[in-house]
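Two complexes are shown next, each including chain A; its partner changes from chain B in the first to chain C in the second.
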Partner chain A sequence: MSVETFVTDKAGLQKFYEAVMASRETYAPVEKFGKFDFKRVARVTECDPESPIAKTQSIKPLFFPRSAKVMKFVATSAGTDVSETDEDPLAVKRAILGVKHCDARSLQVLDKVYNWDYIDTDYQKRRENTVIISTRCDRADTHCFCTSLDYDVENLDALDVLIVNGSDGKIYIKARTPKGESFLKETVTGQASPVTDEIASPDLKKQYDAFAGSFRLKMDYKEVNAKLSKIFDTPEFENVSGNCVSCNTCAFVCPTCHCFKISDEKVKDTGVRYKSYDSCNNGYFTLMAGGHNPRPVKYRRWRQRAMHKFVYYKERFGENLCVGCGKCTIACPVNISIFEVVNQVSAAGVQE
Partner chain B sequence: MEQLLVPMICKVDKVIQETPDVKTYRLKFRDEGMMEKFTYLPGQFVEFSLLGSGECTFCIASSATRTGYFDCSIKKAGVVTADIHNSLEEGDEVGIRGPFGNWFPLEDLKGKNLLFVGGGIGLAPLRSLIQYCIDNRNDYKDFTILYGARTSADMCYKEEIKEWQDNKTVNVVLTIDKPEETWTSNVGVVPKILEEVVNPVIENTKVITCGPPIMIKYTILSLKKLGFADPDIITTLEMKMQCGLGKCGRCNIGSTYVCKDGPVFTNEQLKSLPDEF
Partner chain C sequence: MNYTKEIQDIAAKLFAEGKIDVFVGYRVNGFDDNQVPVLITDPQDVSKLVFTDKSVFNLVNYLKNDHTRRKRVGLVVKGCDSRSLNLMLTESQVKRENLYVVGICCEGVVDEAGQKMQNCTDCMVPDAVVSDELLGTPSGSDTLSGSYKMNADIAMLAEKPLTERAAYFEEVFENCIRCNACRHSCPLCYCAKCCIDQETATLYNGANTTSGAFHALMTWSLHLAGRCVDCRNCEKACPSHLPLHLLHKQNESVIYENFQEHLAGVVTGDRGAFYKYSLKDPDDFIM
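On to the complex of A and B.
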């Protein structure tokens, strides 16, 4: 399979983005109050595909909405009726621009739980109909550690189309999947020209090496996986979680956290059932009606969070439930960092 | 639309007041053809919605060998269960998703002596298996049911217990925590009666137990003391669940999802899990 690469410049990239927007519904980072969230866009000027990673929300809500209607219902003494909600706006043919690599990777991680046994067909449809166009970061941010985790950032196949800033103002547009390849056939204009791998590869490598060399945070994930899997009872979980105010923000901004709650809202006879984000940091998360709670104290909930990400999900699905994006740390009001938590706990080791 | 979370509609065919705070709801699918497709095995559970109030997890308390309906026995314990007790009547409709989870190891039980040890509402999941085994009685050897409740009024399935007592192939031992004037059977907590009255045969026996966490804990200690091996002690766990599908992230103990890998576990399996249940 020849996977095509094109080379262009800034103006050519704009043309490419315009062609993407003309071809299907397009989402891209849109600025609001200094922060970026992925929104529907019709023009390149509305968005910034190179939005700063530290200020950009994840693409998770485009696949797993923050609060989705499951159904509408009518419940009267005469009977009960359940009706479908309006057509899923996220299941249409669409493209997402400006996706960070860590975010693209998060979808591969989420696929495992959504396609496990009971297949979530709504999620699947959203995935199938979406083309992921990802711009590789030029440098790491303070809290980034994607290159320290269990995926190949340089050759990531979680994205369909890769965009890289090369040397001398050159910009490369490269298909990474068959879906990306046919998409480029449809959208690349005359302002981008095909380029052989022999020519493109050294430039792509140079950019990647510069990016990979810019990380402040580095860890050995295998060591963390191995050490944490042997630790359960350690006071270190209390030390690292002491400041947590249980606001759950970390889970809500995390691209891989997927816990949710089901809740009903009813006025008189009619109502809506929602599926909304929830978090294992909530005290009530595992509280049962009789009053029993297997995680009644904060450090146990933090233990669940850390262990789910670096032990349980790995055991169950073969992947870390963390992509090293740093979003949780940036958003945390009390400066707790998942990077520090897992490294500190695993370094402290098992209490003898 | 989140297809996986949309329930089917069931009609409440009958409400049985079991105890002051437990009611059994006998359910039938509104779409009659659904009942045939709803195949389940003892030990499995459903997500039960009182629409507008919420969705809760309950075990199926009856066996599919009794066709045409299924039962959920519900103890008034929290917000939704209180709403169910206060408002749900015969003829009303509820939402049901399921069946979910694993089931009791039916093949392993064949040819064995069966000892059921239940406490309070914990008899509900056992009842599904008891009915199933009574309906296939020739597959099993000795059949003992030890059931305890705080008071005689707190005993569930009083009518059905009489049927079990009348069944000559079933040995029923009942106990309550404190003496009552009209009570002629055993008095004392379940583990005590297990050791002193039932004193079961260990050889070729499988024990299936469910009850309040404290009862399960001491019952397992007694069983161990009597000489039962961990793989022969089977229980079913209660955990907070919402989706039942292995997605919502609530019911895990380590990397084990109670809704998918459970709720039925042997004591051997439980011992391999982190201490968080």
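On to the complex of A and C.
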């Protein structure tokens, strides 16, 4: 695969961003109440593509919306009439700026489940129509552990265009996929000059090494996978989930959680059916129509969360359902860390 | 404000005397010096307990938790926390005889940036109003009348024209992601089935639309009108950093002005403004 690299500076990068925004619908982190969320932007000044990872929501809602219309209906005493909803507003050609590597990776993980027994065409359409432009972090945050998981952060191919802050104010713009390459042909004009891999690589490597060296959290995911799969019945889950308040926000901010619920919004006879996020930490998540609930207590729900991320998904799709972004820990009102939970539980070992 | 030693001693004594099954307190995070709640069941672990001005979270939330249900619980409460505990007692959610309450005469707690929390600067009830044991020197500010401070944000919003206020709150509702973390982290939201969780209802639905968020947050704030104790657990839990206190403080100030200076949970057994009806009740504050 031939890939092209360009080198530019801060002003050139701004020009590149402007060219991206001119070429197609662009989404980027926009600040509100001190938190960044990906929103449609028209000007570079509105957004911050280098928003701090700890304060940025994931890009998941751009592919799996927080609430998606499933169908419209008219329900009267004469019967029910069901119709397609309006066209998907997100299925247009677009680019996302300021995507974090962990977020980009989460799409690769989600692809597996969305291409499984049911092919989600809306998701597919959004994936195909989106160019992901990712700026590599310069340093890890307190709760980051992406380098400890089962993907190659340095050579990640989940992103189409990679932007790296090199030495001496140099900024590299590199295509990572054929899609990214043709996108760069469109958008990189005079502001950046091509550079050979021999020149760029050492600088990229140096930046990555500095980034990889800044991690507080490190673990061996293989060990965690192996140990967790054997300790379903350990009482340690009860200890680690002790101070959880079951607020569910971890699943809502998680870039890989994909459970949803169905609800109707109805005015008189007409209504819309929505598919919205749900969380397995919810007490009624597994509540059946007959009243039986297989996970009535918190530690069982936490066990499901940890096991799904590091055992079940791995067994079924060969990937961890965690990308090490630390968003759940940051959002958690009592700072429960999935990293600590899985490590503490697997360290407790098999109970005889 | 540091009662680490005292709380460790009290917890150890309670476990030794067999008076409690679980002690709810705070421990240091492990990765920075902020604190998180901890539920201690093993007397060996009491050395983990701390209490300083970083002990922010309202622990009364844990009384509606799997880990404390039908158990004898020891817990630490600050002024605001004790008011929510008072309401839990009044509303028959917990039994007083199952609790051993360590009250704190609170001097105010700080947020993650080290700034004194805004609710602490406005606080009218710093001393725990329910306790078996009170730590610290009572501030003596139990004469409440006349000292009510209008919340600065509410005062600022009140000056703005209605359209600007509406635009501001529209932004709040737009940025809500409907995770309901605010509700779950609230000590007084204990309903087993919440009205905003109904899947088929016509009025409420779980969808993340601006109208859905409006319904959910407004219903929530009205259910807490005259009950909210301004502990800010909801704001701490909100992943979008929404200024949720505005919804509650507005109600609080209206109720304080119109219903005999009523403040939620200060008096045990007082069921609050929403439970008492009189023909003489004022209604001129309703839009």
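Criterion: the second predicted complex is superposed on the first by the 351 of 352 C-alpha atoms of A that agree within 3 Å, B and C clash if a C-alpha of one lies under 4 Å from a C-alpha of the other, contacts with A are read in each partner's own complex, and residues count from 1 in each chain.
Convention: a residue touches a chain if its C-beta (ideal position, glycine included) is under 8 Å from a C-beta of that chain, and two chains touch if they have at least 3 such contacts.
Computed from a predicted structure; not experimentally measured.
Asker: Would you sort A:Phe73 into first (chain B), second (chain C), both or neither based on which partner it touches?
Answerer: first
Asker: Go through the superposed model and pick first if A:Thr286 touches only chain B, second if only chain C, both, or neither.
Answerer: first
Asker: Output check: A:Phe252 vs chain B and chain C. Expected answer is one of first, second, both, neither. What do you get?
Answerer: Once the two structures are laid over each other on A, A:Phe252 reaches chain C alone.
Asker: Based on the superposed arrangement, let me know which partner A:Lys261 touches: chain B (first), chain C (second), both, or neither?
Answerer: In the superposed model, A:Lys261 contacts both chain B and chain C.
Asker: For A:Val297 in the superposed arrangement: first (chain B), second (chain C), both or neither?
Answerer: second
Asker: Go through the superposed model and pick first if A:Val311 touches only chain B, second if only chain C, both, or neither.
Answerer: Touch partner of A:Val311: chain B, not chain C.
Asker: Tell me which partner A:Ala348 touches in the superposition: chain B (first), chain C (second), both or neither.
Answerer: A:Ala348 contacts neither chain B nor chain C.
Asker: Could you pull out which residues of chain A sit against chain B in one structure and against chain C in the other?
Answerer: In the superposed arrangement, which is not itself an observed complex, chain A uses residues 261-264, 266, 271, 278 for both chain B and chain C.
Asker: For the complex, give me every residue of chain B touching chain A.
Answerer: Per the stated touch rule, the residues are 1-7, 9, 49, 51-56, 75, 77-81, 92-95, 213, 238-240, 242-243, 245-255, 260, 274-277.
Asker: Quick one: in the complex, what on chain A touches chain C?
Answerer: The touching residues are 32-35, 37, 57, 65-67, 142-143, 216, 238, 242-243, 245-249, 251-253, 261-267, 271, 274, 276-279, 284, 297-299, 331, 333-336, 340.
Asker: In the complex formed with chain B, which residues of chain A make contact?
Answerer: Touching chain B: residues 68-71, 73, 75, 77, 79-82, 84-85, 87-88, 113-114, 116-118, 120-122, 232-233, 258-264, 266, 271, 273, 275, 278, 280, 285-290, 292-295, 300, 304, 307-308, 311-313, 315-316 of chain A.
Asker: What residues on chain C touch chain A, complex-wise?
Answerer: Residues of chain C touching chain A: 29-32, 34, 36-39, 57, 61-62, 65-67, 171-172, 175, 177-181, 184-185, 193, 197, 199-200, 202, 205-209, 211-212, 233, 236-243.
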